[in-house]
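What follows is a pair of complexes built around chain A, which joins chain B in one and chain C in the other.
What follows is the complex of A and B.
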C-alpha cells in the first residue's frame, strides 16, 4: 500500500530489488540507530548540509516559491519544513540547544515514523533548487533532500522505480534495459525514418572506434522521444562530424545522483570514462537530460577516480556556438507553430544553459513566446529528480505537482488554438509533461529542442 | 542583582558568545564542499561574486524577488538594527558629538544623535511588530514557525522597546552618554564601578543590558547564526565557473555542406 499514516509514498523496492543495487535492507529494530549513524557521517562531510541545518531563520520565503507546496498545500512540503524533518533529528542529537531545550527549538527523538516521513516527503521534492534561488541566504534544501535520500538508500528504502533503474544501469548500461542489439535496431529504424521524412541519408554509428565525438543520448530517446534522437543525428550528420554513441553507456541520465550519490552514481561515471577511453574520442557531448547534465557537468570532476582528459559539453552549447558563428543554416519557418520554452530546472539553475537554449530556440522557430517566470526562476515540471511514479496515488500527486507549470504554460497562450508546442529539452520533463499536458488540457505538444533544430536544418 | 548583571555577567556573556560562535564555525569548517553546486547564472569573475554577496547582504536581493512583503519588514528591520548598533558605538564613544566631524555644533550633534536614535529605534520596533504579526497571521509562515521563533522576536522586541522608552522619556528613564561610556571603559579595563554609579542604578538601562546579554548568549545556539550562515552558504553556491570552450573536434561545416553529406545523390533533400 503506497501510503503510511496518511502520507503518500512511492511503491518501494523489495528486498530482492535492493540486493541488485548491493544493499541489504536494515531490519526495523535497527533502522533508527543506523539512521543516526549515517546522519552523523553525512553532517561531518557535507558543509552544504550543515549550513542548511544551522542557519535557517524560518522566514517562510521559500514556501510559495516551491511548486510542490503550491500544488499540495501540505505544510511539510514547504522547503524549510521538509528540511525540518531532518533538522528536528539533527538538533536533538547533534546540537546543544536541541539536547537542552528539546521542544522549544523543535527537536524530536528519531522514530520509524520520522523515517517514513522522510521517505514520503523527500520523494515529493523535485530537487529543483528554486528554494535555493529564493532563499535570502542561499540555503539549498536540495542538499538536504540528497542527504535524506542517501540515508534512506543505505537503510534499504528506495522507490522501486529508482532501484530498478539503478540496477538496469549496472546490468546493461542504460536506464531502460535496452541491450546493444536493441539500441542498434532502433537506430537503424530511426535512420530509415529520417530518409523517408527528411530525405536525409545518414547512419547512427554505435561503438565506432577512433571517433572524435562521443554523443551521450538519454535512453528514453530510444523509446519515447524519437525526434530528439533524430534531431541529434541530423545535427551531427549536417556538420559532418565523426561521432558515435557508446553502447556501454547509452545513457545521459544518472539515477544514482537522485538516490545514491556514491556507488550507483559513480558506476555510471566510470562507464562513461571507459567508453571515452576505448573509443579514442576527443570530446564528449551530452544529450537532452536535465539531472543527467547536472550530474555530468558538475559532478564528474569530483566523482571520477581518475583524470578526465575529455572536455564535456552539452549539445545545445555546441548548436548555439555554430549558430552564433553563422555556420548552421536554419529555416525557422519549418517550425511555424507557437512555441514556449520550459527551462528545465537543472539546466537553468545548476548548469547555466538558459541563454544557449534561447539562442538555439530563436534560430529554429518563428513564434517563440517566453514563459514568466523563466531562466533561473523557472518552476519545475513536477517530475524533477525522477519522481515519475505511476501508481494511482502518486500519479494524482504528479498532477498536483505540475499544476504551477500548467498555469504558466496556459498564460503564454501558445496552446490557445490547440496547436502549440511546449519545448522541454529534458527527458524527465518530457516523461512528466507528456501525460500532464493532457491532464491539464493545455493544447500543446511536448517536444525537445534539438527536435526543432533537426527539423529546421537546411541541407542544400 | 544589578551588580551581577552589569559587572560579572558581561564577562560570562563574552566567553559564551565567543567560544559558542567559534565552536559552531569550527564545525562548519570541519565539513567540506564536496561537489560543485554553484547556482546559475555562473559568475565569471571574482568581482561578480563580490557583487552578488554585496547585493544579497545589503539589499537582500533574492528576498526582494521571492517574497516582497517579507522583504519590506526584514530589510527595514536590519537596516534599522545596523544603524542603531552603529549609533550606539559612535554615540557612546563621542558622547553624542559624532556629527561635529560633519561640521555641526556640539549641541546640534547631540540633538541629531538623539533624533536619529529615536527614528531608527521606532522604525525597528515597527518592523519587528510587523514581522511578529506576519508570523501569527499568514498561514504558510505560521506553518514554519516554532516556539523559539516567537521567543526570539519577543526578546528583540523587549530590547528595542526598553531602548526606545529610554530615548523617548529620556529624563524619567534614560541615561546620559557619559556614565555609559564610563561603564564600557571600566568593563574593558577590568575595573569595577562604584555601587552607586548611574549605570548600575538606572533600572531600564540595567534591564536593557540584561536582555542584550541573554540575546548574545543565545546567539551561537540559535538561528541568529544566519549572520554567518548567509556568507557560508553563498561561499558554496556563488562562485566562479569557467565553461569549456565550445566547438567540435575535426568539424568543418562548410566542407561538409560543400560535399553534400546527408543529401542522397541524384535527388534533392528538403
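What follows is the complex of A and C.
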C-alpha cells in the first residue's frame, strides 16, 4: 500500500526502473546528506526558488486558490505550507537564524521522514501555478515543487509512472512505448476511418524528408484521443500542408520537465532538434499537450545549446491564424452540443495561449459557454504534472483533486441534460478528465479542441 | 516485484500487478486476474478482446488504439467497459498479459 506514516504516496520506481533513467538510488543512510548537498546546489542556482524561501509572509492568499488544498483540506497542501516542507530545512542549514534558533524560527533537522513528506506532497501539487497567480509577492511556488522533485529524482525517489515515461522516451522516442510500426499502423487505420467518416482521402506522413511542417503530437493521441490526431490530420490536409510526424520524437510531452529538468528534459529536446534538422523542416507545430507546450515554448530556447532556426508554434495558433485570415471554412452546426472549455494551466498561465483557443472554439461550435473563473485564473483538472496515478489510494485523491473543476463545469450548465462537451485541449487533462467526469457525474464527453475543428471543416 | 503461482507456474508481476514478461502468458493468467479486475466470469467476448490484444501486441509491441480495438472486435467502448470494468487500458491489458500502458493514458 503506497502510504508512509498516513501520507499518501504514488507507487515508486524500483531500483531497476531508476537505473533505466541513469540514477543509482542513494542508500537510506546517505539520503539526508545528499539531499542537503543537492538543496545547496539548487539554492545557489535558482533565484526564483530562493525568493520563495525568503519572501513568503504566510498571508495565506494561496490556500483557497489551490484545488489540491480545496479538495483534500490537508493543511500541508496549502501552497505556502507545502513550500514550508522544504523551507524548514532551508532555514535550518542555510540561514543564520535557523542555525542558531532552530525550531523557534520554524527550522527543522533533515530526516528520512521529511524526505518522505516531500515525496508525498510534491506529487500532490500539480505545478499549475494558480498559487503564483494569486500571490501578492509574486512567489511561484511551482518552482519549489520543481526543486523538491529534482532532489527526489537525484536521490532515486520518483513515481513509477514518471520513471517509466522517462525510460520509454529514451528507448522509443515517446511516452507510451509506441514503436514506429505501431505508430504507422495506427495512422493508416485513422486515415481509413477518416475516409469512412468524412469522405476525405488523406494520409498521415511519417518521417517524410523535406517536409515544411514537423507536427509533434502527444503519443497518448495514438492510444486514446483518436479525434485529436484526426483533427490535426484533417487541418493539415485542408490547408494543403507539406507536413510530417517524426517517429523518433512522436511526443509533445516532456516528462523530464516534471521530475528531472536536466538530462531527461534535455534528451527529449535534443531528439526534437535532430528530427527537425534531419527532415529539413521549416517550422515545428505543437499538438495538444499543456506541460509539453510550456516545456517547448519556454524552455527549448535556453536548453538547446545550439541555434534553433525553426519557429515553434502551437497548432491552435496556426488554426486561429487561418480562421482570422478567412482561409478555413468551418460549419459550427457540425458541433451542436453545448461546449465549455477547460483552460489547461500551462497554456493559460505559462504560454499566453488563451484568446486563440476562443477564436478556434467560437468558429467551430454553436453553443460555447465560458467557465468561470477561466483563462489565467483557470483551476487545474487535478491531473496536472502527470499525477495520473491509478492505484486505489491515489485514484481516490485524484477524485478529490478534480472536485473544484467538477464544480465549475457543473456551474456552466453544460452537461445538465447529460449531453454536453467538456473541451480539454491537453493530453494530461484528457487522461484525468475521462474518468473524472464519470466520477463526478458531469454528463459531458471530454474532447480536444482540434477534435472539434476536424469535425467542423467544410470540404469543397 | 512479486512472483505468483498460477496453476503450478511461477509468474512474475510488477508493482502494479501486471505481468513482467508477456511471453509467460497463458489462458490461466487471464482467469487468475479476472476477479481482481471486477470480472466474475470470462465470456466469449472477453476472450475475443484478449486474443485481439495479444495478437496486436505480438505484431507491434504495443496495445492498439482503443478505437481500433473497438472496431476490430465489434465491441462499442461502452460494452468494453461493461466487459472490463476497470477500463480497457488497465483491465483488459492486464488480463491479456500486456505491460501496463504508460504516459498520459
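Simple rule for what comes next: the second predicted complex is superposed on the first by the 460 of 460 C-alpha atoms of A that agree within 3 Å, B and C clash if a C-alpha of one lies under 4 Å from a C-alpha of the other, contacts with A are read in each partner's own complex, and residues count from 1 in each chain.
FYI, contacts are C-beta pairs under 8 Å (C-beta built on N, C-alpha and C of every residue); 3 or more make two chains touch, one makes a residue touch a chain.
Quantities reported herein were computed from a predicted structural model and do not represent experimental measurements.
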Touching partner for A:350 - first (chain B), second (chain C), both, neither: first
Touched chain A residues, chain B compared with chain C: B
First (chain B), second (chain C), both or neither touched by A:245: neither
Which superposed partner A:449 touches (first chain B, second chain C, both, neither): neither
Partner chain(s) touched by A:168 [first = chain B, second = chain C, both, neither]: second
First (chain B), second (chain C), both or neither touched by A:143: first
First (chain B), second (chain C), both or neither touched by A:14: second
Touching partner for A:223 - first (chain B), second (chain C), both, neither: second
Set intersection of chain A contacts, chain C complex versus chain B complex: none
Sites on chain B touched by chain A in the complex: 24, 27-42, 56, 60, 62-63, 65-67, 70, 74, 138, 140-141, 143-149, 151, 221-223, 225-226, 228-230, 232-234, 236-238, 241, 243-257, 259-264, 267-270
Residue ranges of chain A touching chain B (in the complex, touch as defined): 43-52, 54-65, 69, 75, 78, 80-81, 84, 95-97, 101, 103-106, 129, 132-140, 143, 195, 198-202, 212-213, 234, 237-242, 282-283, 285, 298-299, 301-303, 311-313, 317-318, 320-322, 327-329, 348-355, 375-377, 459-460
Interfacial residue positions of chain A with respect to chain C in the complex: 11, 14, 160-161, 164-165, 168, 174-179, 181-182, 185-186, 189-190, 193, 218-220, 222-224, 226, 253, 289, 386, 388, 390-391, 427-428, 430-431, 435
Touching residues (chain side chain C, partner chain A) in the complex: 1, 15-16, 59-68, 71, 87, 89-90, 99, 101-105
